């Protein structure tokens, strides 16, 4: 046990599990919402790419000033309502470093000043004097320097309200955004849940199946054994990914269907191992003794043979999880999983389908891929450690 | 051949036939247990009701199940796979053009990774603790845990975007060049896919062969071979490798069916014109005749490979050839 | 024939360095049949293997091994390869794995002839036939695989293989251990007969003291990596000087006595 605790991969796995369970709650919004412009780079690279910026104009602060040393951002959104004490005309003025003053919103004698601007709106573009095909951002951000947005006139009688401004950057977060503007890091954390859930459940199910078949086949022998082993041969002869694809395509792409399908086609290896173990143990002295005492086969199988196989079984489980995770990732990548569920395979599917590599958006490709690989490596390492722990005991004849 | 030998073979062939039958039954029922009208798996749902009625009797869908099965088997054997819903063309037409691409992709990648992996495994076992051995162990871990599409996407990033020297999609350029240049163009398109498969595959080969060779090299007859004054090269390859050959050959042919999955993913990533991508597109597009046919083809290949594995093992290991019982 | 001077061998293990041979000084005279006896772990196999430098890579050797005036320890790889089998050949224990299971007997015997003596394969096979005859095996065995032969037959074939290049010296490492008693006797007699007929020097390692006493004219007793006694068979039996030798002799006597009591 101590040996297990000393391994780095064990702690990495714990880290992944914790991150998967609690990580997403660090974010106060749903992962599906758009947080920034699509294909934003991570914050820590591309320092010459515009970051996102938000600020608010309130009754107290009627102007906002900021430095802008980047190229024009992808988009800007300005929204909000300001209640006036008496109807009057008001406007929002945008001042550029070059000295231009652009009026971007106007209110004519209404009791409240309502603003709802998105940089892509045609009405906005025309109000700036542009055609529907021009980029208003170039006009708003012509050069680097100090920019100001202010409510005008300065003595406007405001009762309450606020105007929010969001400049969409081309940079966001730890790992940027995907083609829908979703935070990749958030998606990555959610992906942990799916991989671990599918991997572990499918493997446990497959192990239960495999152990049952193996025990029965090994202990009963004869015709039962032959039939079961023929079944194993037949299932092994069916090409793996194609049958998974066909089943997923026909039956359904849901998460639980996936788990069941995966387990149906991965129990065979365990069955064989358990069967040979049972065959060798069946002839051993203590089993003969149990039989002489009148123990029923099911008792012998589940109360004695099973515990003997436990160490090897644990190792098999740990080694089987990577293949389940890879299979799930593969099916998701091919598009044969529930599109509403965020998994690493699906992230790679979208990266491929929406041309991540033509835009060089490596942050869409590396995180999910590295995630899958790391988790598989972790389980492989743990499996090998468990095998080592199991082996000397078995070789030495077990605890008896 | 001794009588025992033939007995071994009849068992194996009977086993393969059993598997084939199982696959046929599976294929048959798989596409008919769909929720809803079973007719929609055979006949294009876009046809008019009258056409469907007509085709229903034509396909014998009103016949008892066993007769349907007989007709189904007959059609498969004659390569009559029906018509694709998506393209309206006979499925066999679609498959015909794709099979060579897939075979080339898989065949080349498999051979190259097996050859490279085996060579590295032998060398790594020979010089224990050397640099080569560490490389082999790392590459093996990669083989087992890195998803193939990830490595391929990274390759696409590097060689398709960062250093754009290889094409990133398709088996041929559009429009394809003439004559001998077409072959060169094809190979150029295949470079990235094949390289990715080799990169992913050689690791597990190398580890397997390395482990095998370590065991073999510790045998007494290797010590004796050295004592006989044979040069080290001869001892390594002529004796140690030669003795490890039977399990390597078995592994070679047993691994063959496994690479079919690699075909599906690789062809999807690189948009190649192959059977794997055809299977995927058919499934996603609910084109059941096409999907059924593609799956059937892949299953046949798997069964043939398994039989070939048994055959080759019998050839290479004299203990099997001479009829020893193997169980 | 063979002179060992200050020979020491130790093995590097994960648990540290283990000394297998400690400062051996020993010589094997021409034409003798020498036996090296001792219990497991006494270092006798290591001694034998070191003569042809067949030690594993984790072994560290110091000292000199003079074979007919050549210092074996100073030979380079090429010279070592031509030294092996031509000047000195070997028969291993457990004939189970002396032969490569996937190659025929004939192939494995002939390859030494092809490599060392420049035979063509066809000629080599013909010569191998003669060699098999010498050890009492039929020509059909040339095309057989090792698993088709019994233990005794395999050992005979191994002896035939050892004689191929007519070496002046033959080393045998526990040649009879894995065999039944009758076959043991046959093999040991065969060895004795062949080495005497061809004027070869025989050096045999065994833990079977009675066997060594009956066959060899010179015995060396090893204990914990050192040679503790060298004498003729009668000398060992009647005049054991070292306490360990005495223990060995006494254990045989007590078995004999127990046998004679029944």
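A, B and C are the chain letters, set down in written order, and residue numbers restart from 1 in every chain.
Please note the rule applied: a contact is a pair of C-beta atoms (placed from the backbone, for glycine too) under 8 Å apart; a residue touches a chain by one contact, two chains touch by 3 or more.
Everything quoted here is computed from the prediction, not taken from an experiment.
If you draw each protein chain as a dot and join the dots that touch, you get a simple line with two loose ends. Among all pairs of chains, A-B has the largest number of C-beta pairs in contact.
Centres computed as Cα averages put chain B at a distance of 51 Å from chain C.
For this pair, chain A with chain C, the centres built from the Cα atoms lie 66 Å apart. Taking the mean of the C-alpha atoms as each chain's centre, chain A and chain B sit 30 Å apart.
For chain B in complex with chain A, the touching residues are 15-16, 18-19, 22-23, 26, 30-31, 33-34, 141-142, 144-151, 153-154, 156-157, 160-162, 168, 257-258, 260-261, 264-265, 268-269, 279-280, 283-284, 286, 291, 294-295, 298-299, 301-303, 306.
Partner chain B is touched in their complex by these residues of chain A: 230, 233-234, 237-243, 245-250, 322, 326, 329-330, 333-336, 345, 348, 351-352, 356-358, 360, 362, 365-366, 368-370, 372-373, 376-377, 380. Note for the complex: chain B touches chain C at residues 128, 219-221, 223-232, 234, 239, 242-243, 245-246, 316-319, 322, 324. Chain C contributes residues 52, 54, 57, 77, 80-86, 89-90, 92, 94, 96-103, 111-112, 115-116, 145, 147-148, 161 to its touches with chain B in the complex.
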